[in-house]
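Following this line, the structures themselves.
Shared between the two complexes below is chain A, which pairs with chain B and chain C, respectively.
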Partner chain A sequence: MNELNKDAIRDLLYRMADDQLILGHRNSEWTGLGPILEEDIAFSSMAQDKLGQSLALYTLLHDLGDKDPDTLAFNREEKDFKCCHLVEYPIGGYEFSLMRHFLFDSSEALRFGMLAGSSFSPLAKIARKFRGELRYHTMHADTWIRQLGGANEESRAKIQSSLEFCFPLALGIFEPSDYEKTLAEQGVFPGESELQKEWLAHIEPLLAGSGLSMPDVSSCKPSYGGRKGRHTEHLKPLLDEMTEVYKIDPSAEW
Partner chain B sequence: MYGGGYIFEDSRNGSDSAEDPRKLEDFEARIQAGEKIEPMDWMPAEYRKQLIRMIEQHAHSEIIGALPEGTWITRAPGFRRKLALMAKVQDEVGHAQLLYSAAETLGKPRETMINDLISGKSKYSNVFNYPAVTWADTAIIAWLIDAGAIINQVANSKGSYGPYCRALERICMEESFHLKYGHDNVVFLATGTPKQREMVQDALNRWWKPIMHFFGPSDKISVHTETLMRWKVKMASNDDMRQKFLDMYVPKIWELGLTIPDPKLKKNEDTGHWDYTEPDWEEFKRVINGDGPCNKERLAVRRRAEEKGEWVRRALMRNAEEYSVPLS
Partner chain C sequence: MVRESLSVDDVWKALEDVKDPEIPKLSLVDMGIVTSVSIGEDESVRVVITPTFAGCPALKMMADDIKDRLGKLTKGNVEVEVNYDVQWSTDMLTEKGRQMLKESHFALPGQVNGFVSAESLIKVECPFCGSRDTRLQSPFGPTQCRAIHYCDNCKQAFEQFKPV
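This part shows the complex of A and B:
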């Protein structure tokens, strides 16, 4: 078998790890503030899973020769982050966080499903594990979207408008990388456009079944740039906050 | 987490005289025999009232207690601490959920309890009206406040009301992990860089007063609780719990080379008890009645969360399903 392209793999791993880290961080901000206690607890569980997943992905990067996971997460510059814009936004109202969770986690579940068969076997191995964890997250999201989409006019309207707000951001998940061809040819990952196609086919019936109407993809401008290190104004303050204690003394053991 | 700082209502003129004496006698005999009282059993109105009050205050303490530590989740240094703190604070919210359910078995709905919290009608543990100023404060809270909570909660888990006892058994198991996490955290700071040592000493200095307040006013000035003790609602005296805490933790604090900001603190070899500067109980009262450094902020945050989430709760309501099945 040909040598796999390390740079292509590293790029893919950073995109995923940074998404998980930043969204995990955001979801944890619901702790103590949820609309009901059960949702505080659920968002915290999902945040812990996402943090755990990002740690595993940074560990793979470390195994490929990059710095240790704490340094990668807590001591990298904003421009070196490859997360998509969707995960960067503050938690907002519950309707926003729920919709983000629905759109993002459904794409993650499909992504990890694809990666379970990756030719890069360390990634295939953790993808199979994450796919199991994601099943609970998507079940949670689907249930809540259906409940709030169908409960009353007030909740339906809130969910619909947050869908419209989130949709261009969610398309940014699938911003193509410079390595699409290589990754596909080498059997590492079938590619972002492939994933986007599957994702659209997956969410459409779920949204329709929840009384929501799917925005028109062709007239929607995807929020690209995150994968290339160009971020929204929300990422920098998040990183400053996240690293506030760590940076008191990065060489100290905390 | 919760201490002994309950504000029981003075029950000296309690209404138990109005209860059926035969039923009351049976009830007290069951408690004497170590039996648990269950939700459908007969109980004096005063017992129900005081239990609701206590369990509710405990539940409120768990969710309000999630706030000072919760604000540090986003700043925790490194994966290990971030993951552990997330899990810890999540547990505290889970404790609130269990405790509200236990209190609901006595007839007060969760929504009403939370409304009483927000309106200031019902109280929560005094310690959470103090700020967590630095990362080291969260370490001290997780170690010593959780340690204090365990002392109180282990005692209460031997009480007479079944659902509360069962909730507490599970809660205590989780609290013991919190204490381990907190201790580990303090050890790293206390044996770390000079800056880290300074942070943790400052935090201990700040938290010593709230910690001494944690178990509630001295027995000398507390409201009479004989009936509550006979009914196994209150299980240990405030001073006894404070002594137990000092016995267990002062040596551990000193072992780490930290100092405690009370020049009078020492074990009295004659009495076998700790001598200490009497905490300022006027301040305790002032703070519990709303005038602490963070009371307003804590309740405002809670109120905003409730208001922000109101539409969600409305969207969950189905008239036929208002009664929630107790978890404990």
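This part shows the complex of A and C:
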């Protein structure tokens, strides 16, 4: 078998790890602020899962020869981050955070499902594990989207407008990389466009069943750039805050 | 007195003394998270554990507890590796582990076989009165392994060791 392309794998791992780290951090901002206790716990718990998953992904990068996970998470420049724009936004109102959670986690669950069969076996192993964890995230998101979509006119209008705001950002999850062909040919990952197709087919009936209308994909401009290190104005302040303590003394033993 | 050389069984037995930091009635063996034990030269021991959840904050503590316990068994080096070669599922709880969860008033997880169905989280049996007239309150509980339910029969909230 041909040697797998390490640069292609590294690019894929950074995208995923950075998404998990940043969204995990955003989700944790609901701790203590959730609208009801169960939701406070839910977002905190999902934050914990995402940080744990990012750690496992950074560990794979470390095994491939990159720096240690803490350095990768806390000591890189903004331009080196490969997260998509969707995860960068502040938590906003609850309807925004819920919609982001629904759109992102449904794609992530499908991504891990695809990666469970990856030819890069260390990634396949953790994908098989994380897909199970993601089941709880998607069940949570699906339930709330259905409830708020069907509750009353005010909740439906709010959740529909979040959907319209989030949709171009969510399409940015699937920004193609320079390695799409290589990853697919080597059986590492079928590719972002394949994933986007599966994702659209998956969310459309869920949204329709919740009384929501999916924006038209063809007339929607995806928010690209994040995967190439070009970020929204929201990422830098988040990184500054996230790394404030670490940067006082990066060599400190915890 | 000549001591017989250390066996893999001795190690497994000793690991039964190492408890899960979050549910101390259960040992790491009962939890099913010890996936491999091997003995090398000079009675060095290598133990592999697999995380229940990626974000489990107790992993380091469990690894340290294993080293402490096995340090009493061997003068050799004790190495604990955490990896995902075997992916943990609640299907890996031992029968004894399930029994102890029940005694600790946890509702038990059903068989997962690779996929958690939404049905496995509703109408679970109340660990206090045995009724199935129960509701899922939240799939997320005080730790990542637990979901919160409410029993409409005995009017009591309870926790389920959630299926993964």
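Assume the second predicted complex is superposed on the first by the 254 of 254 C-alpha atoms of A that agree within 3 Å, B and C clash if a C-alpha of one lies under 4 Å from a C-alpha of the other, contacts with A are read in each partner's own complex, and residues count from 1 in each chain.
What we mean here is this: a contact is a pair of C-beta atoms (placed from the backbone, for glycine too) under 8 Å apart; a residue touches a chain by one contact, two chains touch by 3 or more.
Since this is a predicted model, take the numbers as computed values, not measurements.
Enquirer: In the superposed arrangement, does chain B or chain C reach more residues of chain A?
Expert: The larger set of chain A residues in touch belongs to B.
Enquirer: Contacts for A:Ala252 in the overlay, against chain B (first) and chain C (second): which applies, first, second, both or neither?
Expert: first
Enquirer: Check the residue A:Arg128 against both partner chains and state whether it touches chain B (first), chain C (second), both, or neither.
Expert: A:Arg128 sits against chain C, while chain B stays out of touch.
Enquirer: Please work out whether A:Pro205 is in contact with chain B alone, chain C alone, both, or neither, and reply first, second, both or neither.
Expert: Neither partner.
Enquirer: Mind working out whether A:Gly52 is in touch with chain B, chain C, both or neither, as first, second, both or neither?
Expert: In the superposition, A:Gly52 touches chain B and chain C alike.
Enquirer: Looking at the overlay, what does A:Ile41 touch: chain B (first), chain C (second), both, or neither?
Expert: In the superposition, A:Ile41 contacts both chain B and chain C.
Enquirer: Is A:Pro176 touching the first partner chain B, the second partner chain C, both, or neither of them?
Expert: Neither partner.
Enquirer: Where on chain A do the contacts from chain B and from chain C line up?
Expert: 38, 41, 44-45, 48, 51-52, 55.
Enquirer: Show which residues of chain C lie in contact with chain A when the two form their complex.
Expert: So the residues of chain C touching chain A come out as 51, 53-57, 84-85, 87-89, 112, 115-116, 118, 121, 137-142, 144, 148, 162, 164.
Enquirer: Which residues of chain A touch chain B in the complex?
Expert: Residues 25, 28-29, 31-41, 44-45, 47-48, 51-52, 55, 69-70, 73-74, 93-94, 147-148, 151-152, 154-155, 158, 238, 241-242, 244-246, 248-249, 252-254.
Enquirer: Taking the touch rule as given, give the residues of chain A at its contact with chain C in the complex, in rising order.
Expert: 38, 41-42, 44-46, 48-53, 55-56, 122, 125-126, 128-130, 132-133, 135-136, 139-140
Enquirer: Contact residues on chain B for chain A in the complex?
Expert: By the definition above, chain B touches chain A via 63, 66-67, 70, 72-79, 81-83, 86-87, 89-90, 93-94, 96-97, 100, 135, 188-189, 192-193, 195-196, 301, 304-305, 308-316.
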